[in-house]
Structure formats: structure tokens, C-alpha cells
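One structure, as C-alpha cells, below. Some questions next.
Each chain gets a letter, A, B, C and D, in the order it is written, and its residues are counted from 1.
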Amino acid sequence: MPKLNMVQAINLALHEEMERDESVVLLGEDIGPDEGVFRVTAGLWKKFGARRVLDTPLAESGIVGAAIGMALGGLRPVAEIQFSGFSMLALPQLEGNASRYRSRTQGRHSVPMVVRMPYGGGVRALEHHSESKEAIFGHIPGLRVVIPSTPRNARALLLAAIRDPDPVVFMEPKHSYRAFKEEVPEEPEVMPLGKAHVALEGEDLTLVVWGALLRPALAAAQAVRDARGARVEVLDLLSINPLDGEAIAASVKKTGRCVVAQEAARHLGLGSEVIARINDEALMYLEAPVGRLTHFDVVTPYFGRELSYMPNAARIEEAVLETLDF
Amino acid sequence: MPTTELGTFSVSSMQILDEEGRLDESLEPELTDEQRLGLYRGMLLAREVDQRMLKLQRQGRLGTFAPSTGQEASSCGAALAMRESDWFVPSFREFPGALMRGAPIEATLLYHNGYEEGNVFDGSPRTLPVAVIVGSQLLHAVGLGHAMKQKGEDSAVVTFFGDGATSQGDFHEALNFASVWQAPVVFFCQNNQWAISLPRDKQTRSRTLAQKAIAYEMPGVQVDGNDALAVYRATKEALDRARSGGGPTLIEAVTYRLMMHTTADDPTKYRTEEEVQAWWRKDPLVRYRRYLESRGLWDGGRQEALEAEIRAEVEAAVKRFEERKDFKIDEPFDHVFGARDQGIEAQRRAFLDRIEAEASRA
Amino acid sequence: MPKLNMVQAINLALHEEMERDESVVLLGEDIGPDEGVFRVTAGLWKKFGARRVLDTPLAESGIVGAAIGMALGGLRPVAEIQFSGFSMLALPQLEGNASRYRSRTQGRHSVPMVVRMPYGGGVRALEHHSESKEAIFGHIPGLRVVIPSTPRNARALLLAAIRDPDPVVFMEPKHSYRAFKEEVPEEPEVMPLGKAHVALEGEDLTLVVWGALLRPALAAAQAVRDARGARVEVLDLLSINPLDGEAIAASVKKTGRCVVAQEAARHLGLGSEVIARINDEALMYLEAPVGRLTHFDVVTPYFGRELSYMPNAARIEEAVLETLDF
Amino acid sequence: MPTTELGTFSVSSMQILDEEGRLDESLEPELTDEQRLGLYRGMLLAREVDQRMLKLQRQGRLGTFAPSTGQEASSCGAALAMRESDWFVPSFREFPGALMRGAPIEATLLYHNGYEEGNVFDGSPRTLPVAVIVGSQLLHAVGLGHAMKQKGEDSAVVTFFGDGATSQGDFHEALNFASVWQAPVVFFCQNNQWAISLPRDKQTRSRTLAQKAIAYEMPGVQVDGNDALAVYRATKEALDRARSGGGPTLIEAVTYRLMMHTTADDPTKYRTEEEVQAWWRKDPLVRYRRYLESRGLWDGGRQEALEAEIRAEVEAAVKRFEERKDFKIDEPFDHVFGARDQGIEAQRRAFLDRIEAEASRA
């Protein structure tokens, strides 16, 4: 099994699926000769040509709106939004049309498409290049939202997303793009959408994370283990909509304690929904309030200050210890 | 400022049947008599459906809807120029054309009574449902056009929208994408002079809407939108060009919204009765009927017979609509995702339990 | 004190503020001679003229983007989005610019503007005319989100919103537009933004609502009182961002039980945040899980089915009884 | 298709100083020698800042930035035509013009090192900061223009954007609003031939970007963007027209991005070295220096002196920038809302407690 970083793994999935399925086409800004600003589409334009790898004009509503039409017309478009900070421009088409076509036509039409976008902070980027807006996309019924966390699941989830009959927003934690490598199976691997993954088993506390925070969460779990002997279960959500509420409840019923960590602003973030699911299904198992480690409800600061504001392994460890000690 | 001229552009207009029904024979399109008559039937049927819906709405038997009276020539003329395999991508005031393509009359009744069932046109799978978000459908048309090209089909796309829609960003992005991709798309603008209460000249300062095509190096043409023959001809030419790789076209059909914006609107707040009356004198149906008469295809007897036939057809549709009761209450849960999801299914069960409990309490 | 419905009360506030402050201008679709599709701007164009009441072209990003510029240039624009279903088109400007100008320039520039929009279901309207998207706007730091619930607070909150130095999304529950009248003080009344309001005091359960659900909530509270003698406290949030977490916590600490009801989809809705706030501040006071009555995570059905899916007084009562009986 | 012509439109281009520095005297704008020299200084300073930033970035002393080398004539020529009371509404590659208007050199260093402090231009309150979301600032310009008109100020607005930005919906909505409102706005398009890797002819199929003005019945003009005099003249004319109630103008400045898109970009992936070299031969600074020389305003000695002066000025700014340490860590909490909010303040306390605890542990 080759060891790949996340960029390579996503690139692999695109290669595989474009080879397997003639109807898969890519579109976006600078994904052709330039191979994407993060090189995620490396080699694809050369291999599949400008007919299937379309460099578009600079217009995000155009990209996603046209992709909807392509999907209605029998293609399987995979659109790239260069940075998720520009994805709000595509939201009207996602919320107003992509997510609704199936329901609007009672299943007569559907929009099988993927909208990929790098998201998240910690890469010293300019304004609008560090946001985490998964809660906004996640609130839209009919729109799947997926966030991989490792090279292997990025490849397997992207394959699933492209094959899925519905629109999928595929948010790629750019901080993890080249941060580490992982073995990825030779043969195409497809993971089911909508399922969380227990990244580390434990009995004492459930640590819920997604995307780039998986790695610091695992580090924090190890640190807590080393310091206290406590065993933290790390639950990697992978799917933001639908959310795997059963997995959250099952873990919390076992551990009785929970911490959720997110890069996004606190108010109305996904962490709140995780707490609400625990309230719905497992409240009486809780031995302490759910710990919430989040960004703050401030406008995302420029990168000079950003690290002070973001969760990291030490801060997750702190939050875990606090909840353990409650 | 003395300068070098880089290029000049022009925009032109076409009329074949004037307001009195006089024909410019040099421009008359080649149509079979069956097509000629079918076009008239389509327009008359649409008018009747509109009038019937208005009554139903006033009687509280139907929700809010947007009448198309006055725009039948534009809608039906364009639809006639299309093939079944072409995609019809409408806005919300295009039922005349949808009817021509085989959408059942009940569909619009169901739709305007709050049922997604009204978006199901099983006999015409390439007729898309109403797009409410103004301008958003233009991009779908571009993607569809590109897909047709990509798949090697010689199908094209006609998308419809109003004068107001030309102000939306999506209009601009769609025309630009279509032009860059040379997608087989006809952008058909129903310039009916009003966007709710905003008159055309406050929507944009350009003399014509057709000239907006220049921004994309795209052919742009204005036609008399109350002249079904001119509409047909312009659309047909644009479709032929699109099919033969010539790319997209913008058509501005100059017409008029003779009725209120929707049944919730009161147009007396913002326009004069004289203006409306002046446009009634350009009624597309009257003009086209004269054309049929002049070709010996029509007379008072046929008119009466067709009216009776259409009334019966509409009446039957209304009856089917009002008798329809098979609305599965939990249908929305079926169409969140194509694959079953356990969370959605759990919500469905909770929903159905509640519905049942409420029914048993009632 | 005159009795006004909510449309009249909002109209009154617009009249008052335009008279008081020359820099207040209105812009939007059909707000001039047509006086707004709900007649909220009745009389204003006639009185203040086309210079201050601008009928714009049909473009929501244009309306809000231009309003940002007006605000930067010293005006106080009040923009109307005809239905909140079309507000996603304005989101890029709200999220990307309006909410950030203050922080971007460290307070050198700010964007004092209001974006009014009718929202919510139950009025037999077409697709996109019945949505409740407050959770999306509420997740954006720097953007105030306000939802009035009665004529009197609509007028007082709108005055506050116009005078506020920051952008305010003012979501008007259109189901309540003409549903009832209330006495409104003769003199302009200004309520502080960011505060919830105890609409009914009680000791046994806290019922958290906002917007159009206030009335059914009060009816449900009365029904519960009649049936059981239990006293429900009804907390009307009024401000979605910032959220008055203190008021929520204070009430739940007193009652020990809570139900939250929302018109919006369940997943990632404001109800989840209310639960998260209780988790943060008052979890140990809870005698039962917080009851959540929400719409479902389905694409908003057309109006033929909508009432089956929406909360109403009877359903709120059910939820309250269930939580009381837990 | 035989039809009636509705109107014709044309687009023209202007050059005053050609690539060899030859002057078209009939078009030479009236400027004082101080202005002529100031313009050159502005361009040279911008070039030096760019080169210095590139080094800092390569040494890891600065974050990613977008060089403006090659576009100085467009940026500075336009800025020179503006009054202090006019609004300068830039995109992200317009620091040359901002410098001309008094933005301190440190500002761009601070900005590109991740500090909002770099958006504070206290000496030039009508110079707005960088807009990253392509095209979004055009609408702000329209609102500002309208506000100026409404308040009876005779200030106008110049907003800058790239060829890529013309594809955004906001471009379209902004030009339409500005035209309908006849707002005093100059839309200044820096057509530098590339939007990252997308060449101008794939951005849109129109022959010129200037012709996009026709869609709004707005004057549209192309200028040689490497000719500072032509840029100045076109902008001045547009501003004069705007101020006198003549409404908005679209200017397309034809120029070239001589460097990478940003320091994170590798342009060898998508364009040839020959193309770049051909444009270096049109360097706006060289051309303008010849003009100054021909007017007897410049020589080698003055050039050396100015270069030394500018180098020192830039060096001093870099020093101030690198010595600056007064970044209040909780500043973001100050600027969420203008009014203090208890929830935000509680978060600030939690934040500061954590920072303190972390510092004490370290």
C-alpha cells in the first residue's frame, strides 16, 4: 500500500473515478494547466484533457450553477471552489437548487455532484482563506456535507461522494493537506457516507472532532493517557450532514463524558448540535457538562493572531482534563 | 477624446406579423399547417388555463400564481421551435410553453395548490419545473447545454426568464460561461416590461436587453414577442446555430404582462390602465388568428369548436385536480437523499407517529 | 396608545426614523410606488420621495452590497429583501464584507445598516417563501440577527437596529404580520439589542421561542396551565446573535426543565445552540432532557403539506407535557 | 435575417505615450511638473516596495502577497487623477495607488504579515483596504457613489478590479446599479491578461472588456494601461463626467502582470517566458521616464538620487514594521460590535485567562 498525503489521496480518487466513469468531469478555477492552487488536480488536465477538466471563468455561482445543470444532464461534475471562504457565493445555488431538485421533482431529477473546497485555518493565509463554515452547509436539508480527516478516508469518501446520487459538499481540511502521510489501499476503497468513525477507543471520555482537529485530538488523547491513565475515545464525525447521532450517543452512553472541539465560531457551530444530540439520546448518562472547545465569536482574525484563537492539541488536552475532573 | 475605434456592434429587431396581422412574407417561417394550427391551439389553451386559474384562485380553490396572459406567443412560439429532446428550462411564467411540450394541465394546478406533484411531467422528462429564484435557472441551462455537447447529443437548451432577471448576477455568469464554452443554449428573455412594479427602464438603462449580448460577444436579437412567427423564427435560427456548434444566443422578446404580477399583486398601484389597454390591442392571439384566417386555415366555426374543446379539456383537468387526494403525507422524507438514511427514517417515524396520534385525538 | 399590527408597527418605525435622521434611506425591490409586497413601506415613497426610498433592480447581492457602500459613505441604509428565501444571494456580501468591515479596519470603518426580510412558513406561499434560515445568519460573527415577535417589539427593535452602529439582519415573522394587533407607545420606544424577554413568567418549565412561535407558545403555556396547573415560563429570544445566554440559563436554573421550539430544520438549528448554552451554564439544574420541537430535516415541503411539518400550539403543548412528565 | 437595426455601439482605445516613449502631443494631459514628477516617484516607489517585499517573503519575513510590478502606470495614473476626497476602492493588487494617496509603506507589510493593523490608513480615510473576495468591492463603490450624491458632496469613487473580476455576478450588478442610479463611479479594470492561470481570452469571449459597458448604456473605454498619461487622462475625464452628473464609466486598462499571481504561484506552469519578456519591453516606468527626460525633467543623476531616497524610505519602513510589537492579542474582541456585548466580553475573559495560563506554563 502506497503512503500518500491527503492531496495525493484526493488526486488519486479523482484519477480513479475519472477513469472508471466517463461522465465524471471536473470544473473550477485554475484546476487545468495550473493543477489547482494546492495541486489537488495534478496531472488530470494532461491526462483527460480540457473536455473533462474545465478551467472556468472566475465565478463561483457560475461554477456550481453550471455543475447543477451538468448533473441534471447526466454528467457527474466535481466542482472545486478554490477556498471555502468564497463558497458563500455558491450557497444560493446549493441551497436554492442543488439540495432541492430531488424533492422538488419527487425524485424525477437529481443532482449527483460534488463541490470540493479546502477549508480551515492555521496556514498563514489571507483574509477569507481560513474559515470553517461547515455549520452553514450542514443546516441545509438535502445537501450532504462530508469532511475527511486522513489521506485514506479522504480518498474513500471522495469516491463515495462522486458515486452518490445527491449533491455533496466535500470540505477538505487544508491544514492536513500535506501534514502527514498514510497508507492507502491499492484498490479503490469506498466508505459509506453518513457514518462517524471511532478513531481511538476509550472508556472514560468521548472526544468528538472532525477534519484537521483529528490529529491534535489523538495527540491530546495520548497525552491524557500518559498523564492520567484515562482512556479517551476519539470520534471522528466524517459526515456533517447527515450526522451520525447514533455513534455519538453510543459512545457517550459508554463514557459518560464528552468534549467537542471545533475550529469554527462557537455560536451555532456543529459542537452545539453534537451537544443537542447527546441531550436527545444520552443526557442521563452524562456525568459532566459536555466540554466545548471552539473558536470565539469574533471575526476570524488575520493570521498574525490566529493561532491564539484556534484549538490545538494542548488546548484539547486542557478541555479533556477539565471535563474529566468535573 | 480622439482615439482608435476597436469595434462596432449593432442590435436589430424582427417582426413578421404586425399588430394588424399583416404578414411580411419574405420572413414567414416554413411550417406545416399542423404546426401552424398547433401553435394556435397552444396559445388558446394557455389563455384558457390562465383565466380558469384566476377564477379558481379568486374562489379560494388555488394558491397564488403568476398569469401568463399576453405572453403566449413568446412562450409557445419558442416551444414550437424546440425538439422534444431539447431541454426546456423555464422561469415561473412559462406554462404556455410547458403545455405545448406535453406538461399536463393538472400540473400547474397541483403546483399552485402547494404540491410537488405539480412538478412531475412524466411524459416530458426534459421539461424542467418552475424556477422561483429569479435568474438561477440560467446557469442550469448552461450546464445542461454543456452536458449535451459533452455527450455528443445534438440537443440544445432554451431557458426563459424575465426582464428583471437580467439584473441578477447569475444572468451575467450564465451568459459568460455559455459564451466561453460555446454551449448550445438559447437565452430567451421575456421582456414583459415589468418586474412586479419596476418598469423596464428602471431595471436597466440599456436601450435594449438584446444588446447585453455584446458583453459576451454573443448574437443578441430583439423580436416582437407578441408575434408568434417572429418568435418561432428567431428561436429556430438560434437553435440551429446552437446545434451546429455556433454557440449561444440571447433573444429579447418584447411583450407585455397583461395581468397582475401574481394574484397577490395590485398593478393599479404602479401602472396606468391606458398602458395596459394599449398592449391589449397587440394581443398575440388576435394577430395570429388573423394570420391563420388569411391562410384559409381558420374561421368562426373552427374557433367556436376549438374553444369548446379547450374548455372541456380544462374543465376535465380541474376535475381531476380537485378529486386528487393521494398526497402521501410523508413524501418529503422520501426525497431528502436518494439513499435511505437512518436519521431521516427515525424522523419519519416520529412524524408519522405524531400525525397518527393527532388523527386519533381529532 | 394606538393598536397596530406588525406591518403597521414596522412601517411606523421606518417613518419615525426617516423623519428623525436624514441619513436613513430605504432600498429594495418594489418598496416604492408598490409600497412593498407586504405593504411594509406604505406611504414612505410618497412622503420621502425616490431619493430616500429607492426601488432597485432585481438583484439581492446588489442591494446589500450597495447598502454596505452607502453605510461606509455615511448613510444609514435599511434594505429590504423581498423574502428571506432570496437572502442567500446577499449572504456573500453580509458574511464577506458587512460583518467584517469593523474588524478589518480595527474600527476605522463600520457598516451601520439593516437588512429587513420577512421569513417563516404557514402562509401558503410558493417554494422559497417559507424558510427560516436564522441559524445561518446567526453563525456569522459581527452580524447582529434580530427577530421581533409582536408589533410593539418589532417597532422598538427596528428603531434600535437602525441606530445600531453595525449591520443587523432583521427577520420579520411574516406569519405574524397581520395576525394580531398590540398597543404601541405614541413616543418612539427603543429596546436594547441582544436581550431576551420573559414573555410569561413561570416556575415549572422554560419554553424558549422566537418570532412567530411566540403566540402558539403562549397559547400552549395557557393550555398546560389549564390542564395541569403547571406554570410555563416563556422566553422570547428576540436576538439570535448575540444570544442572551444569561437569560436562558437564569430561567432554566429556576425551572429545571426546558423545551425549545423552532420553525427551522432540526439539524444545526438555533434550538441546538439553546441546548448547548444550557449545557454550558445550567446542565446540572436539568431534571429532564431539553425537549426539542422542530421542523424536520427534509427540504421544506410546498404548502400543501407544510402545516403537518411545522410546530403549532398543540404540538408545543405536547412537547411541554412530555418534558414535564419526564 | 433581415431586420430593423436598433442601435450601434462602438468601443475605442487610447494611447498617449507609446512603447518607445513617443508622445502624442494632442492628447498630452495638462499636469504641473510637480504632478509629473510625483507620478514617477509613485511608480518607482511602488516598484521598489514590490521588490523588497518579494525578498522579505522569500526570506520568510512576510506572508503571501500579490506583486503589482508592471501595473504601476494604471494604478498610479488613476490615483493621480483622483482628489483626496474621492474614494479609492481597491482590489488586492492596488498598493501603488494607495501609496500615492498616502497609505504608509508599513501598511502593506503589516497586512501581509497577518495584521489588521495594515488596513489602517489614518492619513487617508477614504482609501479603503484590500478586498479579497473578487468583485465584491464594486458594489461598495456604487453605494459610496450614491451616498456622495445623496449628501451633495462632489466626491466620486474609483474602484479597481482585475479582468477576472469581470466574470463575477457582482461586477454585473454593480455596473447595472451604478448606471441606473447614475452614480459617480469609475470602474477601473486592470486587465493584466491573467487571472491566476486563466488567460484573458478564456475569461470571457468578448474582444474587449470595455465593450461590457454597452450592456449598461455606459461609456466604456480601453486605454493602454502601461501609459500613465493615457490612464490619467481617461480617469480624469471619467471623474469629471461623474462629478458633473454624467454617471459611471468603465475603463479597461490593458496592462500585464509581470510577476507571479502571488508569491505562492508558479506562472511557468501556464505561460511562456517569451510572453512575459515581450511585456517587459512595454514596462510603464521606462516609457514614462523617457517622457520626463524629453520634457527636460529627468536625467541619470536625478534617477540615482531618487532611487537612493526611495530605498532608504522603504528600508526605514521595513525597520519600523519589523520592530513593531504592540499587537494587542485580544483586539478582535474589540471589533465584533461597536457596542460592548456581555457574551463577547465573557469570551474575551476566557480567552485572556487561557493566554495567561499558557504563558505561565511556558
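Simple rule for what comes next: contacts are C-beta pairs under 8 Å (C-beta built on N, C-alpha and C of every residue); 3 or more make two chains touch, one makes a residue touch a chain.
Every value quoted in this text rests on a predicted model; they were computed, and no experiment measured them.
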Which chain lies the greatest distance away from subunit D when centres are computed from Cα atoms alone?
-> B
Determine which of the two chain pairs, B-C or C-D, is joined by the larger number of C-beta pairs in contact.
-> C-D
Take the average of all CA coordinates in subunit A, do the same for subunit C, and state the distance between these two points in whole angstrom.
-> 30
Quick one: report the Å distance separating subunit B from subunit D, using the average Cα coordinate of each chain.
-> 43
Where subunit B and subunit C are represented by their mean Cα positions, the distance between them in whole Å = 36
Gap in Å, rounded to a whole number, between the CA centres of subunit D and subunit C = 40
Subunit A residues counted as touching two or more neighbouring chains = 57, 59, 61-62, 85, 89, 92, 96, 102-104, 127-128, 141-142, 242-243, 296-299, 301
Going through subunit B residue by residue, note those that touch at least 2 other chains and give them in order.
-> 116, 133, 167-170, 173, 176, 180, 202-204, 331-332, 335-336, 343-344
Subunit D partner, complex, touching residues on subunit A are 29-30, 32-35, 37, 55, 57-59, 61-62, 85-86, 89, 124-129, 266, 296-299, 301-306, 308-309, 314-315, 318
What residues of subunit D sit close enough to touch subunit A in their complex?
-> 63-64, 92, 111-116, 130, 132-135, 164-165, 167-169, 195-198, 202-204, 264-265, 269-270, 327, 329, 331-333, 335-336, 343-344, 347-348, 351, 354-355, 358
In the complex, the residues of subunit A that touch subunit B are 25, 51, 54, 56-57, 59, 61-62, 64-75, 77, 92-93, 96-97, 102-110, 141-142, 144, 164-166, 193-194, 242-246
Parts of subunit A lying in touch with subunit C, wherever the complex brings them together | 85, 88-89, 91-92, 95-96, 99-100, 102-104, 127-128, 133, 135-136, 138-142, 241-243, 264-265, 267-273, 275-276, 279-280, 283-284, 286, 289-290, 292, 296-301
Going by the contact rule at the top, pick out the subunit D residues touching subunit C in the complex.
-> 87, 116-117, 119-120, 122, 125, 128-129, 131, 133, 136, 138-148, 150-151, 169-170, 173-174, 176-177, 180-181, 331-332, 334-339, 341-344
